[in-house]
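Structures given as structure tokens follow.
Next, two complexes with chain A in common: one pairs it with chain B, the other with chain C.
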Partner chain A sequence: MPPSERSGGPTSAAGAAGFASLGDATTSQAAFRDELFARGLLIESGVPGLYGRGALFEEIRARFDALVDAAAAVDQPELMRFPPLLPREQLESSGYLHSFPHLAGSVFAFAGSEADALAQEERAARHEDWSEHQQMTDLALVPAACYPVYPAIASRGPLPASGVVVDAGAAWVFRHEPSHDPARMQCFHQREIVRIGSPSEVLEWRDQWSQRGLALLRGLGLAAERANAADPFFGRGGRMLAANQRQQELKFELLVPLGGEEATAVTSFNYHQEHFAHRHQLLLADGTTAHTACLGFGQERIVLALLFAHGFEPASWPAEVRSRLWGS
Partner chain B sequence: MPPSERSGGPTSAAGAAGFASLGDATTSQAAFRDELFARGLLIESGVPGLYGRGALFEEIRARFDALVDAAAAVDQPELMRFPPLLPREQLESSGYLHSFPHLAGSVFAFAGSEADALAQEERAARHEDWSEHQQMTDLALVPAACYPVYPAIASRGPLPASGVVVDAGAAWVFRHEPSHDPARMQCFHQREIVRIGSPSEVLEWRDQWSQRGLALLRGLGLAAERANAADPFFGRGGRMLAANQRQQELKFELLVPLGGEEATAVTSFNYHQEHFAHRHQLLLADGTTAHTACLGFGQERIVLALLFAHGFEPASWPAEVRSRLWGS
Partner chain C sequence: MLSTQQIGEIRQVIAEHGRLSSDIEALTDETDLFSAGMTSHASVNVLLALEAAFDVEFPDRMLKRSVFESIDAIAAAIAELTEANATV
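This part shows the complex of A and B:
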């Protein structure tokens, strides 16, 4: 799941120089965030978009995750789980730095002598710049939960007949876009499932899932709507990529009200055609290049949408919503 | 839980200059790792110490996690969950860069124009050095799962009478120490619980838990032993810190056989005295500085120890072990 274009949220437009400016939140988004902090649903860290989660927030997220498990069972997916970091070389080969350089994160670490370590520590303790002591490692932050899936499957050789479905679980992903809008986190869980197969298998799977996803969200009392969408590609050239993506209907999103002026994307369904399969040499049983698609539920956004729609006390949520989540 | 000194594993001694050299694995550790890959328990990424997890590996980890839930229930801990990143400022203030500069990771991101982005992408696509386009952000990798807990509790003001117990769950932590030993991962789950209170409350809690932890591991058929321990402090000055830590009995570990010449630490119990409380101004109800302790189960190491002790097929594990994990 590449980054969704942020329907409804403030746009974190990448500046012409320097880091993207801090995304502003609407008044109602800021009030919502403050209430989430006050109730311990989210825990402030001091960095916009980086939060701890309280027990109730995590319980709702886990209950939603179980509903996705149930909806996915018919696919009999293979389960794989990946850490929040991936090999830098994979990020370099993925095209992500072409499309979304402003959102990527890389991991740096110390390299030097004991004297260097001392100099670094002294600067750091004074909160001064210690970046010169850090060097790029061979690791980067996972930008989308499906990225590690493609090389893992490709390493097995040609796909079995009818391809594969991989459930990558609820993985931590990173987007460098600080914001006070609680729905725009820098570090959040994507529950992602990936389909790799022939073009028709992949497209049919994506379309089935966009219906399943819509039913899942509406069943929880969310006013979800499906919309054609595009990713927030970087720079002027990105506009053409986005227009092309919309025209080919490569991306759908499910949007729900979440305190912004427009609805917010909480789920996306992405058809990559040969993009990932070509890079990782994912081959069908007949030796031709596979196609891939993925879906991603933005779990924190869905928890926020439930709290926004039904209030901060799940005990008083509509009976049907409680029943679906808690079975009672 | 600060990093455990690596009993039994190869030492990733920080070199006098440059990155730590790649930790070697013993022949049996390397053979064990290859079997884990072949069976899909772990998934190779290309970077030593960074692995995906297969369904069975994750199921064992989740079952173990549930046993810790049950053992922790008597504490009635408050649940908090944190992302794999923390504010850089917290890392700077924590003392970690003094003790473990060689293990820390910081997050860098792109800052520049469209032309800069293009130059970065071209270098990256050729797997050349693109680090000059990346700048330090205000985020770093979480080095130990308890680090975000202290400021979260401190922000509430003085502690209630009898302090608090926080269950930080199974969180992703980072250690920059690439190795071919499968038990020495760069990115793994620590199941961590934190006690904040008076010195006697904290010490009593730690000692109770070291007994509970020992019973938990032995109940799973692991030949666990408790040992006084020290952290892998950096540099020549670190030797004195380690000696002091041992002499004051601030750190205990539970060690199990895991393919190395000596047993491997899979759990640690750490008494920080005033270290974290002083930095975060954690105060007892009477206004004096609190003390803290934490425990950390290294979940991947425990799964590996179970596979190492009982074999790769949980269906043929001893009935008592199966019964504890699966209830059947």
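This part shows the complex of A and C:
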């Protein structure tokens, strides 16, 4: 899911802003974030958008994840799990650097002599720029949980008849967009499921899931609404990509109130047409190019939406919501 | 109206950046470029290359699929932008 992907992810493109200059959170969002810190639900790190999670936060996230497991069972998905890093070459082949160069992260590591190491440490100890001692590695940060899935499936050769459904689990993903809005994290869990098949199979799956996702969120007492959406593509060319995406109805989001002036996207459904299949040579059984779609639940946003809607004490949440999450 | 040479420049940009599945020479000025294999991402590259070639900037209202759907549509947009420049 590009993002979404935001989209389960970003809805505006933040630059490389520093902590002090981030005036992007509403008063209500800032108050909500401070309460999350005070209660130990989120753990402050000093970097906006990078937080630890407390036990209760993680429990709610795990309970929600189990509901997605149950909702996905009908698809009989193949499980795949990937680390939060992917081969840099896969990122380079995916088109991400064309669409979202401002959100991507790549891994650099030290390369040099003992003297270089000493110079690096001295600068680092003063918190100055030590990047000149770093060189690019073969690794990049996973920008969306579905990215490692496409090359993995393509490596098997043509798809079986009726294609595949892959459950990529709740994977850590990275977006470089520092923000004081607690719902806009730089590192978070996306629960993604991917469908690869013929255009009609993929579209039917996406539309079924947008209904399923809406029912799932509304069943948890969230005032979720479905909306046509676009990814936060980079630059002026990106505005054209976003307009195309909206016009062709390639992306839908489920939006819930989360303290902002507008509702926040917590789930997205993305139809990529041939984009990923073309780049990774994903072929149907008959040798023609496959189509792909993915859905992504932004898990932290969903936990935040539950806390925002029902309060900070799950013991006092509505019985129906508790019952769905905890089974009692 | 653009000159034949200017239309030729548009064709050259599309040939270099449009990633068409067929030869540009085989296309008429009315052919749907998206049907001819140009992706949305390739159309962004065409946009940026046209801006460089004709020294214009497409305004937001023109950043949409229909403006890039054929050589005729692109020529109409370039004509509007270059005429606007000429009157300033």
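We take it that the second predicted complex is superposed on the first by the 309 of 328 C-alpha atoms of A that agree within 3 Å, B and C clash if a C-alpha of one lies under 4 Å from a C-alpha of the other, contacts with A are read in each partner's own complex, and residues count from 1 in each chain.
Following the convention adopted for this analysis, a residue touches a chain if its C-beta (ideal position, glycine included) is under 8 Å from a C-beta of that chain, and two chains touch if they have at least 3 such contacts.
Everything numeric here is computed off the predicted structure, so don't read it as measured data.
By the touch criterion defined above, A:His275 lies against chain C but remains apart from chain B after alignment on the C-alpha atoms of chain A. In the superposed pair of complexes, A:Arg236 makes contact with chain B and with chain C alike.
One of chain B and chain C touches more residues of chain A, and that partner is B.
When the two structures are aligned on the shared chain, A:Glu313 is found in touch with neither chain B nor chain C. Applying the stated contact rule after C-alpha superposition, one finds that A:His98 touches each of chain B and chain C.
Of the two partner chains placed by the overlay, only chain B lies in contact with A:Ser113; chain C stays clear of it.
Legend: residue contacts after superposition of the two complexes on their common chain; A:Gln247 is shown touching chain C, with no touch to chain B.
Comparing which residues of chain A touch chain B with which touch chain C, the overlap comprises 98, 236-237.
Across the complex, chain A meets chain C through its residues 95, 98-99, 236-241, 243-245, 247, 274-275, 278.
On the side of chain C, the complex with chain A involves touching residues 39-41, 43-45, 47-48, 58, 60, 63-65, 68. Chain B meets chain A in the complex at residues 16-19, 43-47, 50-55, 58, 78-87, 89-93, 97-98, 101-102, 104-114, 117, 120-121, 124-125, 127, 129-131, 134-139, 141, 148, 151-152, 155, 169, 172, 174, 176, 186-188, 234-237.
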